[in-house]
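Next come the structures, one after another.
Shared between the two complexes below is chain A, which has chain B as its partner in the first and chain C in the second.
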Partner chain A sequence: MSSDYEFSDDDGDYYVDDEDMIDGTQDESGQSDDDMDMDAYGDDFKVVPKGKRKSYEVDYDSLSQSAVEKLINDDVEHICGIFGVDASIASLLLRYMSWNKERLIEKYMDNPSAITVAAGITVPEPPSPSAPIRSGPSSATQTTPTARRPTRSSTSKFPSFGSSKSTPSKTPSISPAQPFATPRAAKSEPFVCPICFDDSPTLRTLSLDCKHAFCSGCWTAYLSSKIRDEAEHAIRCMAEGCALVTPDPFIQSVLVPEPGAPAGDPAEEAENAATWARFQELVVRHFVASNPNLKYCPYPSCTNTVSCPSAALKASLITVVPTVSCGARGVGGQMSQSQSQPAQSSLGVAGREHRFCFGCPIESDHRPVVCGVARMWLKKCRDDSETANWIKSNTKECTMCQSTIEKNGGCNHMTCKKCKHEFCWVCMGPWSEHGTAWYSCNRYDEKGGVDARDAQSKSRASLERYLHYYNRWANHEQSAKLSLDLYAKTEKKMEDMQITSALTWIEVQFMKKAVEEVDKCRMTLKWTYAMAYYLAKGNEKDLFEDNQRDLEKAVEDLSELLESPIEAENIPALRQKVTDKTVYVQKRNEIVLEDTATGFLDSRWKWNVTVDGFDDPEKSDN
Partner chain B sequence: MASISARRLSKELSEIRSEGCPVGINLVQADDFATWLFTIEVMGESLYQGEVHTLQFRFDTSYPISSPAVQFVVTDGKQAPVHPHVYSNGHICASILGNEWSPVLSVVAVCVTLQSMLASCKKKERPVDNDRYVRNAPDNPKKTRFHYDDDTV
Partner chain C sequence: MVANSTVWHIDCKNDKTSNIRIDLIDESPFHLKGSFPGPEGTPYQGGHFEVDIVIPESYPFQPVKMKFITKVYHPNVSSASGAICLDILKDAWSPVLTLKSTLISLQSLLCSPEPNDPQDAEVAKHYTTSKNSFDDTAVYWTQIYAGGPGPKEKGQNAGSKSEARDEVAMAGLEKAHVDKFESLGFSRSKVIDVLRRLNYRGANVAKLTDDRIVEELLK
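Up next is the complex of A and B:
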């Protein structure tokens, strides 16, 4: 069975074809020029004046669940006004058409009964004698499940559009006044629930327009299972083969007791109320997923949405990296929606801003590299994870004396405790050469690949090349984590110092700001290695790697400074140094982001592989 | 909820014991409300003449609100029927076990549907993605989100 009803959420790639765009449903959602920059830096740290969008930023808005619900209501009211149906019907029709108002209006004008049947709002006209037998309204009296022969699914639960199999030729009038039967009292004839076989006379039974009656307990269990376990936003009647969909007021009447109803089990009522809330969230999620201008925040238990029309077209993703933030921070119970007190944000995952990519499923900021290349790189890393696993180890041997050295901070400038040899953790080369202009730890020497003649040495060269980039990629990730861990210890010390010395709270914040900046820049650096791996050789790549090297050098210097011993008397001097270096690091980061983003806008970057949306690579021996 | 599933299953079981199963379907084992076994055989003209297969039902407390886990037994020398919707590990791609499940359906109703799925088969072959699926399949077929690609099951 193929039905247009379901929408695919397989790979998070929900883009509609550019030509087939939903016609401006939310285009009017005003793009404010509000600067979404929530960096936790004071004015001394600002490099670029606030309020001006940089070339590596996109315009976007963050919307709360209720703001999206308002958009939904606008659409629903619009449809109510045109069709003269009530809100719950309009809402089901819109959901059935994936919130495409224009197509809904078209279909409805064409054949209102076909679409209301297809959307599960009205029961189809009685089928012709040749049609398969449906379970009739008598199911309420049917107590033996064994007696029922299941009808085949070819009776078409949700006929595809255009299918007229179950569409009566004449147009019945739709009665919006009574979309579903209200809870009714048990009839005189004894009722046995066909699901749980409960036959108690006080049983509360409910049914939709189809009159398939079941007890309220079974409805509650069924709706809860559909909502909680299957995350469905369109739930069909429980009867076999019945295509009617439960309208929202019905779901609400089952899950939420009417005001004044006798109080039930409080725990159960709380659970049902949570299920109802979850259902409303599912409707919002469906609306958001149906609209290319919107994306739901991927952070756990966050219900915010981001609107970013400029990144809605797939074609835009070769020129922009749409990094957005929903405005909230933290996870689960410790989440804060506050945008106005960024200074109080704590470091680490728990307090991190909900930053994600609007254009792809990557749940972090992957600037400067575009989505297509970032995803290609992540796939490569997944495929080669075994090969590269050894790199993640936290210990290496000193190249001079072979003693084991453990890395416990973010700094990559290592000094062997035993022989005092200073070297670079990443390339294992002597540190003394790292400051000089001719040495470049970040660049891969492609010479080896050219010399390789036979297949085996060619594949070794290609593995070596990959490991060069992967090593640096993984190391920035790890170093960022290690410096956050280390900072947790420093923070305690700084706070103690605030008590024992004359320093103010503001004066001890410089370390935190620097650590945050290092973390941010290491993320940029991380992704520059994904980018460089795929960049075609040439001048452009050389310039890219110059910027990468300068940022890396600045970050390593600051990182090292952050690990220097802190004493109350050296704080003022340290503060000055750290502040200066932080500003410099920020500037280098701006340059990398700015230059790469401009390069995408100018189509300056060429790849050594085929990247979706870009020109094919020129023949090269990469 | 535990009471609903136990109550339903005991009701279904007593009905099977008193009225028996439809032709070609036999209850083999139902010692508890966790696992039941049936044999199933297609009567009359069909590609499966003379074949007897064993169907396993696994229930949890969410039955019948959500579907039971149903598969053909492929251990102890038993085999799954060769059918375009039956994988060699016994998993079945049938919409009534997935998104078309209705809490009104019963164990016997599932058996009858699967019996007629075999009866109407025109060519004995495994699903095209059999090898790939079987290699990565979860133990419980309910964990698989099958894509129901035709209207006949």
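Up next is the complex of A and C:
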């Protein structure tokens, strides 16, 4: 689903016409049933993409964890069907081959036993898992006999799974339903877990096909440690040098008690269940990471995945900005369902959509700039801004000769070492105007001071140029951060409006919509400055900056309207104005995005520096 | 988990043949010092090597942290910090491994260096380019740091400045460290001698203060 607001002509009319249209358009919201509970009012503005998309948008799909699990299951079942193996084995094979089905099938057809051994599914033949270097009690491990398990019919389907030719009766495959317990033969010497040296006769022991038996407590601790601390999805047997990987059903049987089992410590069980859930998430993450078409939502504790095949290739990133959204809002990917405070949950940063760039690690919408330029800009800001900030905050320039001066002590009566100009450090005005008020300058807004500050900004051309763009960039970023306050203020205003006028809740939503639009456009504006900084001089840049200026002006106008005080009598007028402006701002934003995106597609933009993936600026000039 | 390490602590004490010892460094049972003799037939023969052992909270499900206290000239051991590059201390760790078996593995690492997976690139380069010269240095280090018997014939007497400089490199000391104490007015050879004896490594593992070095120099 796309969350960009698109406007057909009908929708445009809605803004121009009056309230009675609202009811008429309500029907349209039925198009997006899923969103109904999320932001029903928003559907007045929102139109679900009808096949067409803007050139600054990319096609993408948001998948929940269960949807990805379904994809995984499809792959696993496919492999199961071809190889005739259990799902858990197919899953291990796929994970070993980084979910590359074609390569797996090729390799498996080539030499099934080699790949099952390499993937840690079967014990190599002859079965000689290197014995741990140890003496004493450990010998018990080796001598621990394990009861044989019933032979399964899948043996014939999957002959390579025999762990050893000499033991044909042993079941070769791992069955998911079967408990992995290896009950001890009664007559053997008592079992001592080689890890914790527990020899209690009631000990529950578990082992994989390699028959390395350990007590269930050690297995639980080991699996938890691997899953929780190391985020490992291919966990080997605990025995030294044993390459067997624990299949999912085994992990589940260790972590999740079987139904009917005696209840243990509830806290511990909850912990283990969480570990099991975490393991499943790790498998999903591995699947997503192995597939270039998929990307995990980077927002904290969100488990959604976005599929965007059009941006999977690195080469495509110079023409498109794959801004995607996983569809979730807020923290944890769960839009709070609490209807009691709908405004609170849907407004503000906490309720913001999980929007990110599919092509690079920047966790925000950096349209209209392509990833390469955006990264360059961020790097430059990190490298330069500290120095620039230091110079800006610690030095001033002599108003006569423009020498850079750092004041390291003393009074505010400065005398330039170079040109002997005397001035006031506080207001930068000539000292002669200060009379005897040496230590307190109250002349800050005097004309002389203003002129001096203007003069100061004339120098340091390149730094100034950078700062010009940087400051605007940072300003919009700052404004975006302050939007939380603005949201809160707007909410307050919306409440006031409902009290002071006859408008209903749904009718004052235009304010919120406007705030959201301002926020979104500030994001666009922010990145247009990064873009403008790197754009080579020329008509294209002028056009770009014209668009930028128009958008900026529109945004500032709307911002101002939102800040204006509310009086009962002018609410209808204000509403009209804000709604009009919102549409206008929206259109302007669209123009900037659209024009820039088509520019990338036509490779119209020329840079003043070398950008990854683009032609050299010198060469392209010819 | 403590029980486990204690068991092996006792096990090592009872086991006289392997010559592997584990001692407490301080009060904590999680911070130990292991030591073992250099394996026969290697440049480390006759040396006595000490290893700093830190037992993590989740032991034995997470590997123990080990590094050499004694300076070792070996491709898989950092000559500066004593850090060890050994698979079983990382991803090949198994909960079945014990302090004793890990120390035995360290011992066998000394027998069979893996120069293709080096911890100390300089040393590994030395090892691959000129094995004989590497062995000489390793024997020399074993002698001065691990109390080994030293090379067969003894002909090293630091005299001229150039030789002394070589000796700084040979002993694996940082020139800056030697210069620092030399600038205090001690003779170069003495500084080298003391730093070597005290196993000095800058902000080192053994946490030697400058005062301690000077004290030693004044003796």
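Quick notes on this one:
Here, the second predicted complex is superposed on the first by the 406 of 622 C-alpha atoms of A that agree within 3 Å, B and C clash if a C-alpha of one lies under 4 Å from a C-alpha of the other, contacts with A are read in each partner's own complex, and residues count from 1 in each chain.
Keep this in mind: contacts are C-beta pairs under 8 Å (C-beta built on N, C-alpha and C of every residue); 3 or more make two chains touch, one makes a residue touch a chain.
For clarity, every value in this text was computed on a predicted model and none was experimentally measured.
Between chain B and chain C, B contacts the larger number of chain A residues.
Legend: residue contacts after superposition of the two complexes on their common chain; A:197 is shown touching both chain B and chain C. Legend: residue contacts after superposition of the two complexes on their common chain; A:221 is shown touching both chain B and chain C. By the touch criterion stated above, A:239 is placed in contact with chain B and with chain C alike. In the superposition on chain A, the residues of chain A touched by chain B in one structure and by chain C in the other are 194-197, 214, 218, 221-222, 225, 229, 238-242.
Within the complex formed with chain B, the residues of chain A that make contact are 1-2, 135, 139, 144-146, 148-150, 152-154, 156-157, 194-197, 214, 217-218, 221-222, 225, 229, 238-242. Contact residues of chain C toward chain A in the complex are 3-4, 7, 11, 58, 60-62, 88, 92, 94-98, 100-101, 104-105. Considering their complex, residues 1, 4, 7-8, 11-12, 15-16, 19, 62, 64-66, 95-96, 100, 102-106, 108-110, 112-113, 116, 148-153 of chain B touch chain A. Within the complex, the chain A residues that touch chain C are 132-134, 136, 138, 141, 194-197, 214, 218, 221-222, 224-226, 229, 236, 238-242.
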